[in-house]
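Below, chain A partners chain B and then partners chain C, in two separate complexes.
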Partner chain A sequence: MTRKAKRSALCWLGLSPLLIVVLFPYATMLSTALKRKDEIFQFETTWLPDSLYFGNFIELFANRGFGRALLNSLYISFGATLVSLAVALPAAYALSRLRVPGKGTFRTYLLVTQLISPIVLIVGLFRLFAYLGMINDLNALVFAHSAFYMAFAVWMLQSYFDTIPKDLEEAAWMDGASRLKSFRRVFLPLCLPGIAVTSLFTFVNSWNEYAMSLTILREGSLQTAPVKIAFLTGTLYETEWNIIMAATLVATVPVAIVFASIQSYLIRGLSLGGVK
Partner chain B sequence: MEMTQTTPAQASRPQSGARIGRNLTNLVFILPSVLLSLTIIGYPIFEVMRMAVSDVNRFGKIRGFEGLGNFLKVFQDPIFIQSSYQTLIWTVAVVGGTVLIAIPVAIILNEDFHGRSIARTIVLLPWAVSLAMTALVWRFVVNGDFGTLNLALTQLGLPFNNHPWLATAASAFTIEILVGILVSIPFTVTIFLGGLTSIPVTLYEAAAMDGATRWQSLTRITLPMLRPFLQIAIVLNVIYVFNSFPIIWIMTNGGPANGTDILITYVYKQAFAFGKLDVAAAASVLMFLVLLGFSVLYLFMTRQRGAAGQ
Partner chain C sequence: MSSIAIRNLTKSYGSVQVLHGIDLDIADEEFVVLVGPSGCGKSTLLRMIAGLEDITAGDLHIDGTRMNDVSPQKRDLAMVFQSYALYPHMTVAENMAFSLSLRGKQKSAIEREVGDAARILHLEDYLDRLPKSLSGGQRQRVAMGRAIVRHPKAFLFDEPLSNLDAKLRTHMRAEIKQLHQSLGATSVYVTHDQIEAMTLADRIVVMNAGRVEQVGTPLELFDRPRTRFVAGFIGAPAMNFFEGKVELNEQGKPHTHIGPSPVALPEGMESQAGAIVTVGLRPQHIPVSAASTDGNARVELVEQTGCETNLLLKLAGIDFTVQTRDRLEVNAGDAVNLEFDSRNMHVFDSNSGQRLN
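Presenting the complex of A and B:
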């Protein structure tokens, strides 16, 4: 055995307890979602289903209104991503490129908005949206999510902007391009990857949010996916875990794949947030 | 602070009026973000504070000034006291457990080994999933009758057939703390990995030349160099865990018999189950003050590090 192979074996061995605990829920979800209902409530439970059964997924969309919940979640997450990008892009550009009075104060302010959690303000948030007549309005969540996830978007974008050499824009000005034109033609295209990654993070955060959605969307047909799934346990006299596990699988796996593909960029955003 | 400080270079070059004007125009760039967060975050802070000192009926109508009466009601409520104590246990146990596990995990993940990126992805995976979903799946995993935890333990020959994990407060709270640790590990490991990559390799090389063992370089170089990251990880996790809502809300709803209630589930119940909006607001203000304290500590620590780094 080479040294690296030996070290690899040791590392995997050391990590194995944690990896098992992390993966255990996925095994549970998969195993349960593919079973018939009566198979779960058997006296002798097993890991593998008798046969692969996809009826839970059909039931979920056909009779439980889960498609609607996914659409609500999609609407909110897309909206929140767009709104938070719309306010974070200029702010990040200013932090990276322009002289702005009170830059330091603005940075501290952003950090403070990140340290306040929405759940502590939940009573006030409810009142705010009640005043605005936006209880049971998906747009309330669009704005709420974008406000709470905006600071992270600013940090991520700024860390990207800082890596783009100023010379490129300056060269464009020399060639007679206006500031706006050089921003659109030179700067923006170079930042697209950073903007894409930032959007994905905002999207995932918004998609996963629970407490605000639970509180502000009080009507069943407006619930987001996480809230809807949690409700499935409470409303039935007998909890149908097979349906619920199918729902969690649908709502988590795509997002987990997206997240896994962009996780290495997380460290950039964290580093500007003052963590690193 | 930073606004008033001018570097010598700036001071010796007086700014023209036009230039200051343009700098002020640049405020337009940050204005939308400030307005959005002032509305969505700032206004609710004001509302919570106003309700905390008012007499509010269950429909949210303010009937009069209450002074500190709501705070008195909160402190006289034995469930509030119990929830505060449980919040302390919850926060200390989750943050402590997270840090203790995350340090060795980060050190291993910083090693060069086969399949490292796969291992990293799996370790960070819980970060990607909604806390609500994680809590829900774990609630099923530990289900006494049909859960997969008892299934797995029984298959290993352990006597846990039909063990009802969530039936007693002590066991339910322990399970919730473990789930809390699991979901806090990814963020904490990420911070530590950032810290580990910032340690210069030359330090280890020099130590190896002086005949240091691997253990010695771990305890004399790695851990001391990680210290600032450790402090930051602790404070940030305290802030996040202190008001973490979905895990407890979904797994036990604070039960059985308030045995797993923490402050945030107490506030939520007061407001949205019992309609006592003023009491909920007063408890929120108390939580907010604790959070503010930790936030100031965090700002202080990052500033200090920033100053040390310059």
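Presenting the complex of A and C:
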């Protein structure tokens, strides 16, 4: 074995306990979701189900309204990501490139907003949306989530924008491109990895958010996936682990898809070679 | 192509003034090099011409039109950056075509222009490559290509060769010179390398601490530097300087002393009798000969460059550098004889640094 391979094997060995921590919940979810209800509570539990049983998923979508919850979550998460990017992109660009008075203070302010837990603001938010007549409105969550994750997005995008050499934009200006055109045709393509990471974080945060969704969306048909899952645990006389595990498994899928679809941007070092 | 006129141009960042009233005229098709040490304001001046820096006061005219408040997009100047600033996500051809496509040129016209530029710069085989797969010299060429496809009013170069190794730099220098000769483009070129300045320029503008020290052809600057700064900056190895008091001998001829030995000063220095002056002598203008034991200077270091030999010497406690084409058999510690010819001397006021002869 070469030295490099040895080192790599050692790293894997060191990381394997973490791998167990990461994979164990998935294994449990998958194993339980594919079993019949009575098979879960057998005295001798096995990892592999007797036969692959998809009834839990059918039950979930047909009778428990989980499809609707997924759609609600998707709407809110995509909406929050788009709104937050729409504001954060120009804000981060301005902070990175323009001479803005009070830039340092503003950045600190953005950071300070991250220190406040959303939970403490929930009562206030509820009153605000009640005043605006937006209780039981998915858009209320779109705005609330985008507002909460926007500061982080601005912070993150600005750090990324700072790594894009200013020369590239200046070269575009000299070539005759307006500020907007140079932003669109030169700056933006180079920022895709940064934008991808930021969108991913915003999307995942919004997808997983529970307390605000629970408070503002009171109607069952408007519940988001995490809220729905929590409600599944609270059935009257029993805890239907098979259904809950099926739901949690399904809830991880959109995040996995979003991750997979933008991962190529995460590893692509686009700005390489443009300037020495 | 066009002329550029700069009148009393100043630049301040808050209370810090970095350019103090620059006046400069650049004629049509002229190649002007701005040269000076780091922080002298040469790049700032170039960026002000480009429109990338605001003009605090003064006027900038291109082709007779005042350009102070015109955005860089509308000045129709092309700039080659020190970092090349190639668009990393575009191929070589797209990089060169970018400005033309912004102007809404037809595809066939763009292809022709890019093809022409690629041919001039020997880039035909690389048109489909991304910048990251090119060598430093090739990237440099693409940056030039991006500038020439546009046929702009003038070319601005911001230290374009400083990222290249010595051999490639010499090669690209010659290419830039040839390109200028064939295109006849008005060019403003910023560098801190005085060899680049001397070899490329029709006229050199020597800058120091935000001011223009002297404007002239390379040989004017070499032969008659107007200030001690220019004298020390232009020429390699750098000019030797020593200070002395101007005295008159019995015949009324001016001279000074290096240690105990009298050294004749150029004619006309009589008027400075009693004043402390700085005398400059180029290393090439001090004849040196090997001496037995009674030489007036002692060799500290011998540098062979093949064609020339540089001797670092000490004479009466003063350091001198002498360059000779003779193959002298001398080593460190040997004594040599130096001769000082007053006709080759540059005499400067020790206080103001202004030329006196």
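By our rule, the second predicted complex is superposed on the first by the 220 of 276 C-alpha atoms of A that agree within 3 Å, B and C clash if a C-alpha of one lies under 4 Å from a C-alpha of the other, contacts with A are read in each partner's own complex, and residues count from 1 in each chain.
Note that in this section a contact is a pair of C-beta atoms (placed from the backbone, for glycine too) under 8 Å apart; a residue touches a chain by one contact, two chains touch by 3 or more.
It should be emphasised that the depicted structure is a prediction, and the values quoted were computed from it without experimental measurement.
Enquirer: Figure out whether A:30 sits in contact with chain B (first) or chain C (second), or with both, or with neither.
Expert: Neither: A:30 stays clear of chain B and chain C.
Enquirer: For A:167 in the superposed arrangement: first (chain B), second (chain C), both or neither?
Expert: A:167 sits against chain C, while chain B stays out of touch.
Enquirer: With both complexes superposed on chain A, which partner does A:90 reach: first (chain B), second (chain C), both or neither?
Expert: Only chain B is touched by A:90; chain C is not.
Enquirer: Once the shared chain is lined up, is A:134 touching chain B (first), chain C (second), both, or neither of them?
Expert: neither
Enquirer: If you stack the two complexes on chain A, which partner ends up touching A:4: first (chain B), second (chain C), both, or neither?
Expert: Once the two structures are laid over each other on A, A:4 reaches chain B alone.
Enquirer: Between chain B and chain C, whom does A:82 touch in the aligned arrangement: first, second, both, or neither?
Expert: Neither partner.
Enquirer: In the superposed arrangement, does A:204 touch chain B (first), chain C (second), both or neither?
Expert: Touch partner of A:204: chain B, not chain C.
Enquirer: Which partner chains sit in contact with A:181 here, chain B, chain C, both or neither? Use first/second/both/neither.
Expert: A:181 sits against chain C, while chain B stays out of touch.
Enquirer: For the overlaid complexes, name the partner, chain B or chain C, with more touching residues on chain A.
Expert: Per-residue touch count on chain A favours B.
Enquirer: By the touch definition above, which chain A residues appear in both interfaces, chain B in one complex and chain C in the other?
Expert: The answer is residues 270-271, 274-276 of chain A.
Enquirer: Tell me, which parts of chain C touch chain A in their complex?
Expert: 50-52, 71-73, 76-79, 81-89, 98-99, 102-103, 130-134, 136, 139, 146, 150, 163
Enquirer: Which residues of chain A touch chain C once you look at their complex with the stated criterion?
Expert: Chain A residues touching chain C: 165, 167-168, 170-178, 181, 185-186, 189-190, 270-276.
Enquirer: Could you please specify the touching residues of chain A with respect to chain B in the complex?
Expert: 4-5, 7-8, 11-12, 14-15, 18-19, 21-25, 27-29, 31-32, 40-41, 45-47, 83, 86-88, 90-91, 93-95, 98-106, 108-113, 115-117, 119-128, 130, 143-144, 146-148, 150-151, 154, 204, 207-211, 215, 226-227, 229-230, 233, 241, 244-245, 248, 251-252, 255-256, 258-260, 263, 266-267, 270-271, 274-276
Enquirer: Give the list of chain B residues in touch with chain A in this complex.
Expert: 1-3, 22-24, 26-30, 32-34, 36-37, 39-41, 43-48, 51, 60, 101, 104-105, 108-109, 111-116, 119-134, 136-141, 143, 145-146, 148-149, 151-152, 182, 185, 190-191, 193-195, 198, 229, 232, 236, 239-240, 243, 245-246, 250, 264, 267-268, 271-272, 277, 280-281, 284, 287-288, 291, 294-295, 298-299, 302, 306
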